[in-house]
Amino acid sequence: MTTLKQQKQIHAILLGTLSWTIALILFFPIFWMVLTSFKTEIDAFATPPSIFFWPTLENYLTINERSDYFHFAWNSVVVSFGATIAGMIIAIPAAFSMAFYETKRTKTTLLWMLSTKMLPPVGVLMPIYLIFKDFSLLDTKTGLTIIYTLINLPIMVWMIYTYFKEIPKDILEAARIDGASVMQEILLVLIPMTKGGLASTALLSLILSWNEAFWSLNLTSSEAAPLTALVASYSSPEGLFWAKLSAVSTLACAPILIFGWVSQKQLVRGLSFGAVK
Amino acid sequence: MGTSITMSNTNQHNASAASTKTPLPTPLKPRKSLGSFLVTPSVLILLVWMIVPLAMTIYFSLIRYNLLYPGDNELVWLENFEFFVTDDGFFAGISNTLILVGSVLVITVAMGVGISVLINSSFWGQGIVRVLLISPFFIMPTVSSLVWKNLIFHPVSGVLAAIWQFFGATPIDWFTTYPLLSIIIIVAWQWLPFAILLFVTALQSLDQEQQEAARLDGAGSWSIFYYLTLPHLARPIAVVVMIETIFLLSLFAEIFTTTGGGPGYETTNLAYLIYSQALLQFDVGMASAGGLIAVILANIAAFFLVRVIGKNLTDKP
Amino acid sequence: MAYLDIKQLRKAYNETEILKGIDLEINDQEFVVFVGPSGCGKTTLLRSIAGLEEVTSGQIVLDSTDITQLPPAKRDLAMVFQSYALYPHMSVKENMSFALKLAGIEKAVIEKKVKETAEILELGPLLERKPKDLSGGQRQRVAIGRAIVRNPKVFLFDEPLSNLDAALRIQMRLELAKLHKELKTTMIYVTHDQVEAMTLADKVVLLNQGKIEQIGSPLDLYTKPANKFVAGFLGMPRMSFLDGKIVSSGTEGIQVQLAAGENVSLPTRETSLSTGTPVSLGVRPEHVSISDVANGHLQARLEVSEHLGSDTYYYVKTPTNESITIRSDNQNKVNDNEAVGLQLDLTQCHLFEKEGNRIY
């Protein structure tokens, strides 16, 4: 007969094996993408797919020649960071106001803000497209930045609001008695106290902006097109450039993937809108 | 804007209520704080962002407006809606949208709960497993679609084809045979990590003593899961459902990069249908009508979600 | 100088009035304690003085300046919060110099002031630490230090000791009293703990349901409570009340017939009361003693006794089911459920009208 300890050990091994299997299956597409990016185009299209091959860096070296990778990457960087910074500047005061000057309407306002996210982008695509045309914002980084700021704003306000809510009112009152103005309260007391949460909010905004694909596909063509658009341009079956596609994809995803890994713990608190502690 | 007005109103109201009882030594004006006004910019911006395009969409939906045929944009009232609703793709668009959102929600929540409970027990390499599991969330939709389409689902060189062949079966051409299912698999793969991320974090705050007490009371693993774990996950599940619904209702890039809505209308959801009306056929009027229908549908969903789940979110226990 | 005058202060949230017209004068260098049950409005009153709550009507005057509408920082007062409200991201030193820095005071001056204050409070070695590395008592000291550096006209304390453990609370209580002697400033202190009120205050303000019940020195409130509420609130264990009615009143005293038994006569010259007026006789535990069953003013039955070592508390019930608490320093052995006689010290009893006001 097995002892309790042995039973527990067997149990742990079984659970561990199962967990690892699931994790590896779910991670497989990413692994395969990275693997394929080191193959030659011939290896990449081999049937059955080759697992052992001679790795090459050729794809990475030719990406820029073929599709001007850095141009798109730069657009992604500018637009994501621009939208994130703008979003933070607008969202922090709003969240501050709602968290510390709560009225009967605050909750309604919050839910209303979130419900603007429910407005399907297609519903307003035409007007935005035409407005952008009139203001010459089509295919510009400014235009895309504005849109990303707007679509992420409700979620950012919500997240920051939940972080601010955790700060005891006393501390802001102490600052007020100490003579801090509203600006000083926010800059000298509130922001330093919530920097972790604010960082995770900014991070989520970065991820969402970096990965956004509806507006970038519809409002940009070449000049301001970010990486999502570059990757999408590989969807047309013009040729079998799968190894290069994989290389582009790997490069497009790597920064945000690493960001996400490093900050997953922070991220989740914000994502859950305070529902998870 | 609305918020601060309410605030000052309330105060004045109080002042008058008090003044009817006793004469005041000094009637006070409510001191308006800058802090309560700071929400205004955001509200204004979002209000403009919501109202201006919406108003334009409503207007466009009522006129004849095709970018290919410039000319008089005469008022045609509900003609655009009629065309859109009677379009072959309309019914497909609606049902595909619902099937997509519904199945992805069910898959991600069910598998998310299962996997979270599984990896919540301690085993070797837990940290790495977590990192592997959440990774798909950070992959941009265009990339995941193309990777799945070309490297996994491809009938000739895809990994699945190789597996099918290894077992002697004929490889499936996924996007031709099961187009919608393929997209559901891709999207669920993208959103499963989000659910896992939230559930795992929630599980860590599960009361250990409560579980031990239940075990002493003779509860088995299944009872503990059903009576303690699941109720504990109610809030994170609500969050997952809400956030995913928001994003899935307007799912676009995954369809755009894989099937282009086809074959036929088999993978055309409402968002994609309107896109093909608007930008591919340049019919602004009809696309706007479709957009409005999407807005209405989203509002119905939002109504229920905000009522049911929003309450859950704002009322902290 | 700090002379604070509060006139007809009212505060309402929506339809609920929290403060119902407070009139209060606070003199220079006075240690004033607001005490009362929770929800009585004492904290709201303090926060209104601080400027953290907008008042609905009324006036707060500090040294002939109307500060009712001034923002908190311009009122020249400092507050110590119940939760200490230290800035967690700043060191002790930064916490203490924050207000001065905002006021644009020279670095050298700030440095000097912080150093001086740290010396008074024995915070010297902790100046570079963050609040999370401090004990509860140390945090409390920093919070007080943050107030002292500003050299305010008035110190406000909002239940500052309630988060400390019992031993530390007593120690800090003594230190606060010492601090008040050293600094010679006006202090306003909110607490629900009557021991703090009794020991610290020059003047106690007892609040109930948004109104002041009584203002006076701690001993005044204890020995001459204005009404039944004050009498019942102060004192541990609480005063016992016995129903009765006036049998006669005249120059020789008042005769009261207790529902529970005999007539008692109180030595007071109050004559305005007519016979038959229902009254309530209040007696503190230390003014009742146990005697033989035959000898007492009342008969009662012992329910529970608590032996504290120095004292014993007896909880008895009269035949009319009224509870009386007795504090006794002799250890007479009485068994539960035993019948006892009670002897009241009638010179120390109080008599209240049915509405609660004190007659005697």
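Order of writing sets the labels: A, B and C. Residues in every chain begin at 1.
As a convention for this text, a contact is a pair of C-beta atoms (placed from the backbone, for glycine too) under 8 Å apart; a residue touches a chain by one contact, two chains touch by 3 or more.
These figures come from a predicted structure and were not determined experimentally.
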{"item": "Reference subunit A; chain at largest CA-centroid distance", "value": "C"}
{"item": "Chain pair that, of all pairs, has the most C-beta pairs in contact", "value": "A-B"}
{"item": "Computed distance of Cα centres, subunit B from subunit A, in Å", "value": "15"}
{"item": "Subunit A and subunit C, separation of their C-alpha mean positions in angstrom", "value": "56"}
{"item": "Residues of subunit B engaged with two or more neighbouring chains", "value": "10"}
{"item": "Residue ranges of subunit B touching subunit A (in the complex, touch as defined)", "value": "2-3, 6-7, 10, 33-43, 45-46, 49-50, 52-54, 56-57, 60, 115, 118-119, 121-126, 128-152, 156-159, 161-162, 165-166, 189, 192-194, 197-198, 201-202, 205, 235-236, 238-239, 243, 246, 249-250, 252-253, 256-258, 270-271, 274-275, 278-279, 284, 287-288, 290-292, 294-295, 298-299, 301-302, 305-306, 310, 312-314, 316"}
{"item": "Subunit B partner contacts - residues on subunit A that touch it in the complex", "value": "12-13, 15-16, 18-20, 22-24, 26-30, 32-33, 36, 44-49, 90-91, 93-94, 96-98, 100-101, 103-107, 109-111, 113-131, 150, 153-154, 157, 182, 185, 207, 210-211, 213-214, 217-218, 227-229, 231-232, 234-235, 242, 245-246, 249, 252-253, 256-257, 259-261, 264, 267-269, 271-277"}
{"item": "Contact footprint of subunit C on subunit A as seen in their complex", "value": "168, 170-171, 173-180, 184, 188-189, 192-193"}
{"item": "Residues of subunit C that touch subunit A when the two form their complex", "value": "50-52, 71-73, 77-79, 81-83, 85-89, 98-99, 102-103, 146, 150"}
